[in-house]
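First chain A sits with chain B, and in the next complex the same chain sits with chain C.
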Partner chain A sequence: MSLAEPAAGALAEDAAPPARRRLWLRLLTDPGAALALLILLVVVLGAVFAPLLAPHDPYAASRAVMQPPVWADRGDWTHILGADGQGRDILSRALYGARLTLLIGVVSVALGGVVGSAIGLLSAFYSRIDPYIMRVVDMLLSFPAILLGLALVAALGPGATPVIIALAIATVPDCARIARSIGVGVMAQEFMEAGRAVGLSDWALFRRYLLRNCISSIMIFMSLRFGQVILLGSALSFLGLGARPPAAELGMMAAQGRDFLLFAPHIAVIPSAMIFVIVLAANVAGDALRDALDPRLRA
Partner chain B sequence: MSPPEAGAAPPALEARGLVKTFDVRRGLLRRRVGAVQAVADVSFSVGAGETLALVGESGCGKSTLGRAALRLIEPTAGEVLLDGRSLTALPPGALRAARRDMQIIFQDPFGALNPRMTVAETLAEPMLLHGLADAGDVGDRVRALLAACGMQPFHAGRYPHEFSGGQRQRIGVARALATRPRLVVCDEPVSALDVSVQAQIVNLLQDLQAEIGAAYLFISHDLAVVRHIAARVAVMYLGRIVETAPTAEIFARPRHPYTRLLLEAAPRLRPGARSRTVVEGDPPSAMAPPPGCAFHPRCPMAEARCRIERPQLGRVGGADVACHFAEAAPTPQDEAPQAEEGMLARRIAALQAARAAVGQDRRPAAAPPPA
Partner chain C sequence: MIAQLANRIALSIPVLLGVLALGFALLQLVPGDPAIVLAGPTATEEVVQAIRVEMGLDKSVPHQFVLYLGRLLEGDLGRSLISNKTVASELGAAIGPTAELMVACLAWSIPLGILLGTVAASLRGGVIDRLVMAFSVAGVSLPIFFICLLMIQYLGVEWRLFPFLGRGGPLWTAEGLDHIVLPALSLGLIFVGPVARMTRSSVLEVLKLDHVRTARAKGLSETAVLVRHGLRNALIPVVTLVGLQAGYLLGGAVVTESVFSWPGVGRLAVGAILSSDFPLAQGAILTLAMAFIVINLIVDAAYAALDPRVRGA
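Moving on, here comes the complex of A and B:
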């Protein structure tokens, strides 16, 4: 563009609105985020299609007790990731175990997240009830999730359900706190008053102005929380509170491998490494989501 | 210029004895330790299609008064009438419906628009809400509204952060006028913009006022803009109106000592040209307003009576003034021609020039807003 015709150039630039890049495209341009999403995708697909992918019955014992994985000295291709203390195929168990682990993570974060953010946002919206709600949330917050899990298991018996309930309840206060602080910041903005001045009802104001401006930050918190919940769920399983044997769950598999840690470390290390990778990927993906959703970085 | 009360039709906005106090709470138990009287017993009216400017220094209660008039802040006492209809007792649903006729333009063009809504959504919202458009024709109406405010049709699909401050303020103006309201409170609509953009927005406001016939309550501390746009001016000090007069009258013959000092404080081109009287000290705390006339601690004319007795608004010449010495005080009539010189005059001239230019080239191109 020459200096002689800046007006025409400016007009042309103004007349052609640049196409907005889609959210997932922005996510995929970040290599770390792309890798994290790929890992999560592989884990989810592996869990969903476990019956098709698993080379062995995850519950069937065999003579290959404590067989090491294929890359170790005595490993072979029948059990790619080796076998556990009862000769069960670790790859098959890991695929099935990821199902339960992911289910616990997704359901408890979704339940706790929805309830928690509803409480937090209502508290931000109606400042009159805010102090009362938040004191209750503080009480919940001071109650450790492990203890809650123990109590629920004592009441309901062991299994995945009490673990999900305990983790959902433990997510509620955290999410309520976060949602409230995000919501209070949004409430202080002038556009909330502008919406009221237009004549919007409380419900429309809540949904279109408050929720829309908070939802991305809350989603990011929930994606990070997902990693923590999987870790907590695995910890509960490790303590023997979660899934009941012989069901496969990554945390429980790690717990069972503990007895053989010195002479067959792979039994505990492989499920632990899987938990580590899933949690790490969830955290990286959450971080990338925050960057991608930030309106100031939108182009 | 006659005051609007003289007309047969009720004024667009009438406030009677409006009071707004904010409790001040301190400590662990949030005990009430006092109250700030932001607006203290204020009565005024804005005629249909008229522009009343509300001026005063920061913290004098201008914005609170504007919001209390719209019931965006619930007034502590007093009554507000919109077109002769009382807003004070309206239940929430009826108040929301009444908001069609009273809108507000905010000072900060960056904060007043929902960042997650496109311009089209923002502008369609009031029209759909108040039944002025349906899903079929709302797109056309949004485009017509954008055109009336000097924006392009493709701007409708964009988000607020993609615009400059001036463009955002145009969108804010468009939203406020989308429902063709009877009253618009303009809360310092141009003070966050730079001077050239200010002139555009002021002109836009005037054009749309001519189209729609809305009354403006124009809150500002910029005397050049006020002089250009307003028919009448109300001067506020510490929650009270101390002087109201037609614009020409108040600039030529400011009667309240505070008004005089306020006009004196307007920036001048040649600082040494005239000796300046400066308003000394800070405004007193609104938590503990001084007894008598609130202005007496800073007033050059204060006497014993001012410390005890609060002056009421009274008619003096063409103005209503709340000062015991309004009639006795010398009116700087001989200085009136000089008041036109300096920065103030230059900016007024710039505003008028911009207006004339718009009248020549832009006006025919702009489509009228939706009927």
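Moving on, here comes the complex of A and C:
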């Protein structure tokens, strides 16, 4: 038994390291994907180190009301991206805003992804409960995220927390579906049977064979989901239903710039463009990752 | 096909009940007393109590839910806490504009998406194909409010081409058409990309099939092959996509209506939530959920009409 176990395990686990190296090579030699990854890296670093990088206090008003960015007339280097309607530095606010926007996206995708994958993989593992679980998932799936968001915000009041909860719940059924379909494929592999034959416990089979073989495909799916979640989260903040002032969030900053659209379009355009760049980079990187790792998932 | 639709409707009922229960349960968690809000800050305790009894707020929560369902069946959705008009009348006035906006948006974005996707597929790997694909990825990455703001900034303010506030009237009037252009353009723009992408991949898929080779072999022109044999079969996944993206469309409509002050259900929902007008919020969310279910039913019917295999099943 102790002899057979590593053999079964080897089938399941061996192929990983060279494949991973090839994947990175492929991603980094694809100019679009490499650029997207670079942009994401810069944005994430900027958001994480916002307190160190921000040239001004993001919440402090100044007399530079509606000052345009440095490349426009009347712009200067004190406010590189200009200042908003209350004279707050837009670069500093954008760094802090990206922090909150990314946090909302990452936390909700991670929460929804973990719960969804657990449900989906359990459903694949225990085929007896599969039809029931999937029926419930189908029902959840037919409930659009925006309605969930509106209902939760209506109940809990506007704020980042209800938005995160709504986005996480909306991610669960999608993720459960994908995790199940990936899991069912893995369950049919010979090494699962081999593992069972050598007398591994359900937990060991689930964790070491099923989970390990599914996790990368599930992560790709979650990365594809990330862009959509950020768009929805920032849209809710834009409507005044998400993050609350004085906290800076990119969608909310765009909404605050709405009133100054005629005189100072940069106040709304800069945060909106940042969301666009982040989501575009996430989508391009996610697509490239999917194509490189698992062409079968291609839409 | 009828069995299919019946199945779909049966599947929708628990969803709808879930929506109702969820919305209702969540509304119970809300801090603050609607009776006090309605009575105003200067009202005496007796007035508040009277309103509470009148609204059924003194009953137990399950009882209130049953009362709510009963009233719902009679078409009574309660009264707005802010305007004191019935929720049904507020919603009745808003449903038309929302439906108008969705139809206007789909009417241009789906044909354009199909056209772009087909052209991209027929010129696979060429410059146009790459442009269409890039446009489609960019389209799904654009925040909808950014599109709306750009439309207002350029087409509305700078070039003064179209009005950008409110609804001008029914669609058959010049005024009405003028007002719907910018909201419909903005909302449709997020839809062109996914449709083009789906059309491209499904046309490419179909073009590999045997009957297409046969059509080519018998000497049909490339355009005839593409349209008669490629596109027609490729439309089925596109229809499915519209159903799958119905939630996305609703979300976009909520934002678009709010930015353009379009008097639809989405704007009503956001306004009601921001002013803690729970009956109106609940009614608006319920209406949006119904719209979602109806769109999916229409999609299923269209699906059956396009695909004989489904019709037979």
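One rule holds in what follows: the second predicted complex is superposed on the first by the 251 of 299 C-alpha atoms of A that agree within 3 Å, B and C clash if a C-alpha of one lies under 4 Å from a C-alpha of the other, contacts with A are read in each partner's own complex, and residues count from 1 in each chain.
Here is the rule we use: a contact is a pair of C-beta atoms (placed from the backbone, for glycine too) under 8 Å apart; a residue touches a chain by one contact, two chains touch by 3 or more.
What you are looking at is a predicted structure, and each value in this text was computed from that prediction instead of being measured.
Contacts of A:F238 after superposition: chain C is touched, whereas chain B is not reached. Residue contacts after overlaying the shared chain place A:E190 against chain B, while chain C stays out of touching range. Of the two partner chains placed around the shared chain by superposition, neither chain B nor chain C is touched by A:A292. Shared-chain residue A:A264: touches no atom of chain B or chain C.
Using the contact criterion defined above for the overlaid structures, shared-chain residue A:C175 touches neither chain B nor chain C, since it reaches no partner.
After overlaying the two complexes on the shared chain, residue contacts for A:V198 are found with chain B alone; chain C is out of touch. In the superposed pair of complexes, A:R212 makes contact with chain B only, with no contact to chain C.
Ranking chain B and chain C by residues of chain A touched puts C first. Shared interface residues of chain A (contacting chain B in one complex, chain C in the other): 298. Against chain C, in their complex, chain A makes its touches with residues 138-139, 142-147, 150-158, 227, 231-232, 234-235, 238-241, 251, 254-255, 258, 261-262, 265, 268-269, 272-273, 275-276, 279-280, 282-284, 287, 298-299. On chain B, the positions that touch chain A within their shared complex are 67, 70, 72, 96-100, 103-104, 106, 108, 111-117, 125-126, 129-130, 152, 154, 157-159, 161, 172, 175. If you check the complex, the residues on chain A that touch chain B are 14-15, 17, 189-191, 193-201, 204, 208-209, 212-213, 295-296, 298. In the complex of the two chains, the chain C residues touching chain A come out as 11-12, 14-15, 18-19, 22-23, 26-27, 29-31, 137-138, 140-146, 149, 152-153, 157, 197-198, 201, 246-248, 250-251, 254-255, 258-259, 269-270, 272-274, 278, 281-282, 285, 288-289, 292-293, 296.
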